[in-house]
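Structures are listed in the sections that come next.
One chain, chain A, appears in both complexes that follow, with chain B as partner in the first and chain C in the second.
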Partner chain A sequence: MSVLRPLDKLPGLNTATILLVGTEDALLQQLADSMLKEDCASELKVHLAKSLPLPSSVNRPRIDLIVFVVNLHSKYSLQNTEESLRHVDASFFLGKVCFLATGAGRESHCSIHRHTVVKLAHTYQSPLLYCDLEAGLQWCNHGSLQTRAPGLK
Partner chain B sequence: MDETVAEFIKRTILKIPMNELTTILKAWDFLSENQLQTVNFRQRKESVVQHLIHLCEEKRASLSDAALLDIIYMQFHQHQKVWDVFQMNKGPGEDVDLFDMKQFKNSFKKILQRALKNVTVSFRETEENAVWIRIAWGTQYTKPNQYKPTYVVYYSQTPYAFMSSSMLRRNTPLLGQALTVASKHHQIVKMDLRSRYLDSLKAIVFKQYNQTFETHNSTTPLQERSLGLDINMDSRIIHENIVEKERVQRITQETFGDYPQPQLEFAQYKLETKFKSGLNGSILAEREEPLRCLIKFSSPHLLEALKSLAPAGIADAPLSPLLTCIPNKRMNYFKIRDK
Partner chain C sequence: MDSYNAPESTPSASSRPEDYFIGATPLQKRLESVRKQSSFIPTPPRRKIPQCSQLQEDVDPQKVAFLLHKQWTLYSLTPLYKFSYSNLKEYSRHLNAFIVAEKQKGLAVEVGEDFNIKVIFSTLLGMKGTQRDPEAFLVQILSKSQLPSENREDKVLWTGWFCCIFGDSLLETVSEDFTCLPLFLANGAESNTAIIGTWFQKTFDCYFSPLAINAFNLSWMAAMWTACKMDHYVATTEFLWSVPCSPQSLDISFAIHPEDAKALWDSVHKTPGEVTQEEVDLFMDCLYSHFHRHFKIHLSATRLVRVSTSVASAHTDGKIKILCHKYLIGVLAYLTELAIFQIE
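Up next is the complex of A and B:
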């Protein structure tokens, strides 16, 4: 089983690669589009994946940050995230992983309690951000995202 | 013209939206072209209705004329009723007779009139050998209630009839019997299929929904179209799971096809099964009686919603066959029991 390791490749010159992992492709696409619109000192590349492990046949750059996108409206989304986490090497969790929970605003549609993702993020010692993609992108803790991803200014 | 008939016509016309009024009146074909030209349709609705009633009085509209107008209104507003589907079959060894519309209508009317003295039966034939039947129910002692009729759409070249769900359920067996005998069938059975959209029910029952038409989108390359990708995709975004996405698209297409799905509003599953659990000694697993539970899926367009579940990433492909079999099995009401 292939496991993602943070330092198994050399970093690209002045480039940063973010991997978004989540079940809903449209959500990931929207997120990626918004991220690329922001000004970034380095060249930013965004990879979208439904789940881990990634297909091994592809030659890809070193991944600097993994964002697990969990839709609080979908138990399937949480289950997918939990299974994907098994394919990430422990050293990734030293500041290169982030959890993004969407849909917290519509309480009545949530089938996953917020506490569940809080506990998940706590277990993996990684930050948890909340985001509501339906109302347009709103970032919380935008600052912390930048400082925790080396390679990005 | 009878007071009740006038009131009935008035109420029917009041229901018709102004922009459909001339179309429906023309389809009714009761008031002449000359008469209709004397009406100023740009007035307030109440004035238009008054004028039309006056014209109907001049022409001495009868109850059957009024009933015909009601049928036409319903044909334009089919979705206001929920339609059930019935299937008839011939007895063993019975020959397939040539269908005689006149004989069918006479026989149908006679059967109902013999059983209930007071009943209004009206017919309107449409294309595809279909006949719309309107029945207003009374009893031995009361006149028919014109405001709670039942409508039946019978396709004479097929064993299928569509019936509007009505509150007066006690008349359904009689209606079924009349239909069966008049159409020279042996037995009638209610199918587990129900919807507001008569056209979709027709498409499902007659298996007409799976026709693919060439659309203008067929000029774009197949792969891009099937992946739903934007042609102006940013090259800085890389999709890792293209293979998986293609698999999901392929399975979705195999299950649902390229054609638009017939429109249904819900699917209902009645479960009566024993509790199954991997854990031993669970209280629920020891229960002798089966658990009863009802699951209902609702949507403005259920089948299209199911079709988009896997591509949207909300569910895994392939979907449960209990969901995908709906148009094929011609059912949206299921009873699931332990075998």
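Up next is the complex of A and C:
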């Protein structure tokens, strides 16, 4: 079982690689597309994964940031995130992990209490951002993403 | 979404319920020790299993029988300004006049409409959690019978009642002029509900809003109502999930024998008299893993829309039907909590 480590590869020249981990393929795809449309100082690469561990057969660059996307409408995505977190080395949590919670706006559809993700982000000492990826699908064409105030302590 | 049809390559949720006992506790223990240092993270809620409160003894089962076995649409209501229980007859007259006036506005279409209606305001004694809760009251629209015979009963066209069960958190924040009855339940034609809502909003400067129940609260209700001790079960325990897929959403229904559900709950339940978040999650996870073992479908990725037990049944659109008078107050207490949360 391979564990993701932050410093096991050499960094690429002027590139940044972000790994998005989440169960909803369509949302991740749209998020990745809109991120790539944004202006970035260095070259940005976005990898998508349903869960960790990643297959070790693929040659991939060093991951600089992992974003765990949790859909508050689906307990399955939370369970998937919790399982994937076990395959991440502890030194990743020194600022290279971020939690993204989507779907808090539609309160009537929420299966997970907001406090659960707050607790999760607090346990792993990583920032938590709220966004609305479903509404953001309309915004992707304009290259911007709708985000709320970050749920930090 | 084809991702749900693909076979699971990663070892996700294990199918044996016993693994959840082992897997859940070390993580929870770690979280507890982390939380001891930093207490600004809110602790998960613990709730009391609805017991028969002593006030329930005052409620005559015959009198509240008409509240059971009916589907009620839920609304949350902000506090009423200058509402007085002694003016109920006056309110009946005003509301009667208002309804007749409103109905006559659309007279062109419904010429034969029965305008012989009677509006009755009455108090519902005993529908409260503590002595501090204001008295619940009931509004009924009855159709006056045209026939002059003696033994005719007025037909009830519409019923609505206002109540507050254990509403201490709201009662403390409002001043004397306000009456707090945050939970409103309506049964009958939607047009009547709208007219009556307008009258209340104009007269008492309050605001109605429909109370939706999300999947998180529905799973709490499922756990709390399964936990209730029943002498005999009148209905199977049933859950309904809505699968988000295009073009039309799919509904999955799962029915369990109520005694099996109670047995599952008893094996999960630890602290007597209290329900915790972990127990609710474990109870639902057992159902999900059982379903996954048989059908390879992750119910946790779908949305719970309806829960139906022998105590009560609730739909996510804010519809409730209470079947058991013993736990009536308990069910209403939880709904009051949701209504207060929505107001605030």
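In this section, the second predicted complex is superposed on the first by the 136 of 153 C-alpha atoms of A that agree within 3 Å, B and C clash if a C-alpha of one lies under 4 Å from a C-alpha of the other, contacts with A are read in each partner's own complex, and residues count from 1 in each chain.
Here is the rule we go by: a contact is a pair of C-beta atoms (placed from the backbone, for glycine too) under 8 Å apart; a residue touches a chain by one contact, two chains touch by 3 or more.
For clarity, every value in this text was computed on a predicted model and none was experimentally measured.
Q: Consider chain A as the common anchor and indicate whether chain B and chain C clash or fit when overlaid.
A: Overlaying the two complexes on chain A (C-alpha atoms) leaves chain C and chain B clashing.
Q: Applying the touch criterion given at the start, work out whether A:S74 contacts chain B, chain C, both or neither, answering first, second, both or neither.
A: After superposing on A, A:S74 lies in contact with both chain B and chain C.
Q: What is the contact status of A:A26 with respect to chain B (first) and chain C (second): first, second, both, or neither?
A: both
Q: According to the stated criteria, A:L36 is in contact with first (chain B), second (chain C), both, or neither; which is it?
A: Only chain B; A:L36 stays clear of chain C.
Q: Scan A:L48 for contacts with chain B and chain C and give back first, second, both or neither.
A: first
Q: Touch check for A:E83: first (chain B), second (chain C), both, or neither?
A: A:E83: touches chain C, not chain B.
Q: Of the partners chain B and chain C, which touch A:E107 in the superposed model: first, second, both, neither?
A: Only chain C; A:E107 stays clear of chain B.
Q: In the overlaid three-chain picture, which partner chain does A:K119 touch, first (chain B) or second (chain C), both, or neither?
A: After superposition on chain A, A:K119 lies in contact with chain C alone.
Q: Going by the contact rule set out at the top, does A:V58 touch chain B (first), chain C (second), both, or neither?
A: After superposing on A, A:V58 lies in contact with chain B but is clear of chain C.
Q: With both structures aligned on chain A, tell me which stretch of chain B collides with chain C: 91-99, 271-279 or 325-333.
A: Clashes with chain C appear only in stretch 271-279.
Q: Where on chain A do chain B and chain C both make contact?
A: 23, 25-26, 50-51, 74, 76
Q: In the complex formed with chain A, which residues of chain B make contact?
A: Within the complex, chain B touches chain A at residues 234, 236-241, 243-245, 311-316.
Q: In the complex, go through chain A and note every residue touching chain C.
A: Within the complex, chain A touches chain C at residues 23, 25-26, 50-51, 53, 73-77, 79-80, 83, 107-113, 115, 118-119, 122-123, 153.
Q: Spell out the part of chain C that touches chain A in their complex, as residue ranges.
A: Those residues of chain C that touch chain A are 1, 3, 10-13, 30-31, 34, 38, 40-42, 44, 212-216, 219, 244, 277, 284, 288, 298, 300-304, 316.
Q: Can you list the chain A residues touching chain B in their complex?
A: Per the touch definition, chain A meets chain B at residues 19, 22-27, 29, 32-33, 36, 43-51, 54-55, 58, 60, 74, 76.
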